[in-house]
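Next come two complexes built around chain A: one with chain B, the other with chain C.
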Partner chain A sequence: MTRFAVKATLRATNAPTGPLGRTGARMAREAKLDGHGTWIGASVPRKEDGRMLRGSGRFVDDVERYGALHAAFVRSPYGSATVNSIDVAAATGIPGVHHVLTAADLDNPYLLAVLERDEFVPTTMPLLAESEVRHAAEPVAVVLAEDPYAAEDGAEAVEIDFTPRQAVTDLDTAPTGPNVHSGLADNCLVDLTMFDDDRLDGVLADAPLTVEAEFSSARLAALPMEGRGCLAEWDDRDGQVVLHASTQVPHQLRSGIAQALGLPESTVRVIAPDVGGGFGLKCVVGREEVVIAAAAARLRRPVKWVEDRQENLTASFHGHEQHYAVRAAFDTTGRLLGLAADIRCDVGAYSAFPFTCAVEPLMAATELPGAYKVPAYRARGRAIATNKPPTAPYRGVSRPQIVLVMERLMEKAAAALDLDPLEVRRRNLISEGEFPYTGASGITYDEGSYRESLDLAEKTVTEAGWYSERDELRAAGIPAGIGFSCFSERTAYGTPIMAQRRMGMTPGYDTAHVRMDPTGEVIVTTGTCGHGQGHETTFAQIVATRLGVHPDQVRLRQGDTDLAAYGWGTFGSRSIVIGGTSARRAADDVAAQLRRIAAHLLEVDESDVRLMHGAATVRGVPGASLEIAELARTAYFRAHTLPEGSEHGLEARGSADPPGTFSNACHTVLVTADPGTGAVRVRRYLVVEDCGVVINPLVVDGQVRGGVTQGIAAALYERIRYDGDGQPNSATLMDYLAPTASEICPIQITHLETPCPYTEDGAKGMGEGGTIGAPAAVLNAVNDALAHTGVAMDHIPVRPEDVLSSLSRPLATVGGT
Partner chain B sequence: MKDVHLISLSVNGNEHELVVESRRTLADMLRHDLGYTGTHLGCEHGICGACTILLDDQPVRACLVFGVQADGCEVRTVEGLADGDQLSDLQQAFSDRHGLQCGFCTPGFLMLAEAYLSEADSSADPESVREAMASNLCRCTGYQGIVEAVCDVARSRHPAGST
Partner chain C sequence: MKPAAFTYHRAHDVREAVELLTELGDEAKILAGGQSLAPMMNFRLARPSALVDITRVPGLDYLRHDADGLRIGALTTHRAVETAGVPDGFRVLPRAARWVGHYPIRCRGTFGGSIAHGDPTSEWCLLAVLLEAGIVLRGPRGRREVPATEFFHGFFATAAEPDEMIVEIRFPGAAPRAALTEFAQRQGDFAVVAAAVSLTIEDGVCSAARLVLGGVDPQPAVVDADQALVGRSANETTWRAAGELAAESIDPPSDGHGSGAYRKRLAATLVSRAFTEAATS
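Up next, the complex of A and B:
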């Protein structure tokens, strides 16, 4: 077998020396080359790593412009108030302050996210508040100064006269509280009853077992380590405002700016440089980003804004604050007969552009049944407005909660019927022979390994001695428990699925361009926008495999609206399925062009030409071979030698728009609770997951582990709190408890592989699964640990005081606080 | 009138002399006055550790130190770790173990780990590495790759019996 290592070494002679050659050699050693030159499935080291490790990544605050002004926003100190007057005189007198802009100075621009449904109430979100503020930290004015320190000085000197009003801060009091928007009945922005099944009430009335329960989850911050931020400048040559922004969705941001400011899209260019995490926070358009673009366009001077952590926690977007009231009917064998759910989401004061505040209730109502067969179903989903910041689709988007609801229901039914909870799950999971399965909410599930992943997880932890470990801990007086969660996760929502939401802008498809240059190197452009997921590496693996070149020879250009075709960015576990498939299709087209040139030059049949290991070879003709670089040279520099009518150059475009494909997993966790402090500790964690064909195991495992960590955080630590006046109580990382390495244990991962039927590579999305499965597994484990107390917990996060009170040891006796 | 000071310091062996406002943080000075943008700011209140650098060999939060306090000091930042394009053993271990995703927290972890490794010996077990790395926050990786990378380097820099 020819080893690609030889090619990689040869290549290094005309490539920049040093790291590339070394990386290439290492890659070839590690790559799972099977003789067909595929890079799919290889743990190729990430192309992103070198610059990040050297400190030469380029994040938005690393981009400097001569003469840039720095912005500081003046924000509301009240949860709800009338703005009577704004006095900027003192602020403009501060040394270094150049401008103070209010809504009136910018002609009162706003963002409007729309859903074309009667049950939806749109909310106009002013970029800068005009006569009212609807949540604490809402921006009212912006100070532009020579440096960020002077801008802060200026912001402190802006005098705003407010008349505070009673704020609405929780789901229960919102319906009877003051209206967040004038005339908004019950403070309800969305109220949808879906999949109403006539039989359901009868099923619930007649069932041998009906389980009624309520579940809730706290408000969370996505908390990327890099906050939001942007640098806008006017480019007089191109007649554009150019915005560098820390975003997941450059094109959507461009559309938002264009719509809010009434500009043609071609006069706005958005560039996402390296982005320090997003997790959904950066897949919506921030008011600040549009204000900065507007200011730079007006002043014809660069303007930079870098969000600080306090703004990130109090003034950006939150998510995840939900309440479920559920009734479920079971037969005596534990089979689910019917399910009714009343879902309320606290969405804050406005709809974020473009997804709207309906994203959480719609997702929850549509996908609640999850991996289980629910014969009769009804869900009411509501979005309730409060005087808190608006919500963005945080990683997982309602699926952490709906999985938690279903997994707790399985446990409760098993307990009531005295059955093994895993057996109850098995009786309800969609299983082999039933795929493709269409559920009560009309969703069609492509094939998965729902039962297999549960069986394997149970076997693995049993053989690894988790149950005996739990029992030994219990014998030593330490509450210990094991929890499971089973789920499937729709990923890669294409336009057909997104269209069901009826958004004003329907996301879904994506487009890639693949271009080989005259030296045989490849550039791929995509509308997806990776921000830590390793797309530069995984897209290169996909394209290199099709073109028979090395991934080192493939460069991904992303995050630039002037370079890439309109694309929807990176969110919803879509990029490798939709963006990757687009790139593959374009690459297949370029591969066909290469094969045609090779066939002509070698005088063989096109269908006999193979592209592999950097060369075109001919099936059945051992000596016939041409370097791919030679084919590229011919295409560009010796086009006259090609048959008449040949395409010029080597490039193609590909698109993909799949209907959505389901990954699945089973999570298992062993926890202990400290009887003295009530602290829950995660001791062992196993994920058996199936995301179809894995492109790069290193990257996939990293996504799973990071996701699980965020899910554990939601289950045990994180909570954005507001007091009754709408004042934020989680404004620093001292108050918002993101887990450190000490709170997280090693996470073991096993892969199953059920390929996606809609794409050529068979990969399914998997960016959110870790976050989705972990809260339910952890909560079940905590309940198992506390089973002897008779207390059932159905909320997250579970706090130490909750554990202590269920152990009948009030916190006061422990810490005196 | 701004309250400014003339200071000198060395960063990764390069000597710098500059005028800096007294209230300017060391992090802002390194990033925006001297161009060492590898030092990142994740919270500016001393919790996340993204801004961790070595000040006279001690790990410090550059967001909690004023630039003027570094007068006459030796600073090491992430930019000083690699030898040209050649990554250090620690940097290479981070890549091999997938100890980074978005890379924003990475410079802080590398500098924290450098400080830890300068004191650790081969007995550095995963639990003590975890505890040391708990000084900083990472939102992407779940810490496993970071802990494994630091353990690897602890072992290779301090082979058992060498100390």
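Up next, the complex of A and C:
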């Protein structure tokens, strides 16, 4: 079989040897476990890439329907205003405009995201604003026209009489400003004090060193290449509204539509075609998507809406705008004794469905300690409402900030105690022999390579001459600095962990269905929903390995609520762990069915049958073999030859619900600052990461690189700005500075592999780590570059202007450290 | 981000373009590379009632050098300027082209379009003012030439009448020691501040200099820094002093890309760097 001419190559990782080889050795053991014929660890080129690169992918806007109407939303020009009246007469008179719908026309539908906690104030998010608008670009009406041009003409012609009000636009003034929702005390939607420890105040008072600091991060846009969009149509045969949508969570979107419109879930079908990135923006339900579904259901006519970039920057979900006031106690050796944090998140005007606006403060308060041992801990997490768009769980969700906080604290403690900051980290990192470790916030960490990744990163950059390069640059008058960040991140949150959040709907488990057809080809159906991550390739590798077929013979069906059992989609670095494990378990069942058939036909014992290289072979009986396609043919077309009572068909369902598993990494970066402009350039970047068993290094590296790029963007470039009236000042990509390839340097990646203990494949989640680790590493490097100025930067993004003004301050000491 | 309705007309020569502009009235606009106009129309910041497409007008795509200097046809693309062989005194033009947007933009955007658009940080506008170019216009009243120093009237406003078309930009004098440098956080963006300079050095002493800044005023700003330059040794100290003097003499605006104070510091840096580059060119 020529298909197998290219054998799977094993992991091309740089597993360390010698004293660092613990994880490496374990990896080698794992690899042998699978024997030959495994596709796990092979850099199989992504199946998706051919069609993407040739432009033959099929995104929402590529789906066309005869007679479709195109939607344009009429949006609020004010950050906060009362809606007095809406006059649609002029708009309906515009040639090509068919309908203008307002909230009243749709019976005032809304989305309601619920958290079952007393500290949470539930607020409804109207699909179209009724008597009030709470952020600029909030949808007020929708114009449906024959083409998108006429729709925009119509949207311009809708006349809305507003009475503008004073807007609340930042965390500091929100508590005393006008209420974003009537009666909302202090504009606070969630106020949680967690893990309070009576000892903490004493610890902070008595500690040899207390570090007090404030940290902040700007509002960001997730900025997927493809914005949001959907096409809804009425299917009269099924009495169903079918929505093609650019989403990460088709079932949750279906639930949102069903709940908002009062429909049984089965009368709504959501299909995600190719999705051009999400980064969390598409893991919540957008008002527009529900409106389009409602319009199509009402009008019995296809309706399409494709978000443009301006809407994507001003009217979709944001995230990441947070402030931390932190006190940390250390002993004289740099060991953390206690930590108290006051965390405020600017969540905008509404709670997004279904995660709610608590997702950032809850994540931050629960997981702040991260990879470090914090004996006494307390965190207060608040979600503060402002007149800005609502937030979605943007890639990393609070972890970029909490890692930044912990990593800056390590540096500050080291500076105050005159210790090596890496040594201070080592003294605090959860280390070998301490796993599984349960921290102050009740989290249990499965085994990771926290110390090993730091040691390896330090060794790598030292041997590669980063320190001498930095010193040479400094000698030449160019501020240069090296920064580290160590972190672990929980991935693949299962239902027991998600339940602690107390959401109205608890995500976590997932399922997969595997079916082999009569020619031996395989279809895997999952409830996860890849949107650019390469699931078609990695899931195929997992299933092909179990069934002894080639990954090209395995096709993935995802993103269709009518095909898959209720699934939670793709977010929170969950898919390969939860969906992949489900698929593996289902495939193992199908493999057992195949082995039974082979054992029967070859008259051998079932346990001696192995599936590999497209054939069933028998241990100890060379020459006894049947092609898997032959087994499949038998199962379907010659079922009468099988023993009585055999199952019919070749299919099985699998599911998984792990408690959540911790990936970890150490990022190291070398930056320079231009002394004349303040511009920071990232010059070298190293990631030593451990996401357990690597299914496909090519895919993992791509995720890490993209993630690091978004993290660098958060550290140095991107910032959504609003003025005091709530007007967006970053409505185009000229003002929202997403870095391009020109701004990003090559990123070197080394993998360590500490297998996940909860799953058979041992993979951990890895979709977010790059974004989580980069801001802290870059910020530490910038601070190292500016060390000689005596300025400490604790906010992101650090802008050239910030750097230049610290460089032009009178120098404290020259030369730096 | 869909443009408002407009009618489309294609001109086959300059005369037809001018006739169409006259006939279609004030709300008609020329379409050249479309790299500035199309985005503005998509945002509905520009709402021309009609477009006169001049991209098929032959004979306007050239760089010609003769006794009168260098002449650049209005439809010459940025990329053509970047790759052109030009005589010594005009090398600053191809050298500066790399600052204009990204490669695909340079392949479509035109020299005349940049001048007509009149962005205050546009490299071509700055160099036209620096090198005291003439902007050659054709209109219903015939042909006229406006000095670049009088052409730019503030954000996207120029001396060209709505019925006039730019046909050529004439650079009369060579400037062997000239340079343009700028700063933006991302490669290819419009500059936050840009500095274009030219110099004459005699016996190691600066005998004449000219300095134009972008991003500090609604139009390219000619800054007089002679006091720090003329009669001084051609060295780093002088260039730095010129930068400081230039920074002192401007009062730039603040926006999301930088405060006025930051722009002043950028101007000091960029002016000094531009003079350093010009002195060694």
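Odds and ends about this structure:
Here is the rule we use: the second predicted complex is superposed on the first by the 775 of 817 C-alpha atoms of A that agree within 3 Å, B and C clash if a C-alpha of one lies under 4 Å from a C-alpha of the other, contacts with A are read in each partner's own complex, and residues count from 1 in each chain.
The rule is simple: contacts are C-beta pairs under 8 Å (C-beta built on N, C-alpha and C of every residue); 3 or more make two chains touch, one makes a residue touch a chain.
Note that this is a predicted model, so its numbers are computed, not measured.
For chain A, the partner that touches more of its residues is B, with chain B and chain C as the two candidates. When the two complexes are overlaid on their common chain A, residue A:Arg721 makes contact with chain C while staying clear of chain B.
In the overlay built on the shared chain, the residue A:Asp608 is in contact with neither chain B nor chain C. Contacts of A:Arg309 after superposition: both chain B and chain C are touched.
Of the two partner chains placed around the shared chain by superposition, neither chain B nor chain C is touched by A:Asp170. In the superposition on chain A, contact is made by A:Asp735 with chain C only, not with chain B. Judged by the touch definition given at the top, the superposed model places A:Gly534 against chain B, while chain C stays out of reach. By the touch criterion stated above, A:Asp186 is placed in contact with neither chain B nor chain C.
In the superposition on chain A, no contact is made by A:Glu265 with either chain B or chain C.
Residues 148-149, 308-309, 732, 734, 740, 742-743 of chain A are contacted both by chain B in one complex and by chain C in the other. Listing the residues of chain C that touch chain A in their complex gives 1-5, 43-44, 183, 185-190, 256-259, 262, 265-266, 268-270, 272-273. On chain A, the positions that touch chain B within their shared complex are 18-19, 45-46, 48-59, 61-62, 64, 95, 148-149, 223-227, 274-277, 279, 308-309, 531-534, 698-699, 701-703, 705-710, 732-734, 738, 740-744, 746-747, 770. Those residues of chain A whose C-beta lies close enough to touch chain C in the complex are 148-149, 151-153, 156, 308-310, 676-679, 717, 719, 721, 729-730, 732, 734-735, 737, 739-740, 742-743, 799-801, 804-805, 808. On the side of chain B, the complex with chain A involves touching residues 2, 21, 23-24, 28, 31-32, 36-45, 47-48, 50, 77-79, 81-82, 84-87, 91, 94-96, 98, 100-107, 110, 126, 130-131, 133-147.
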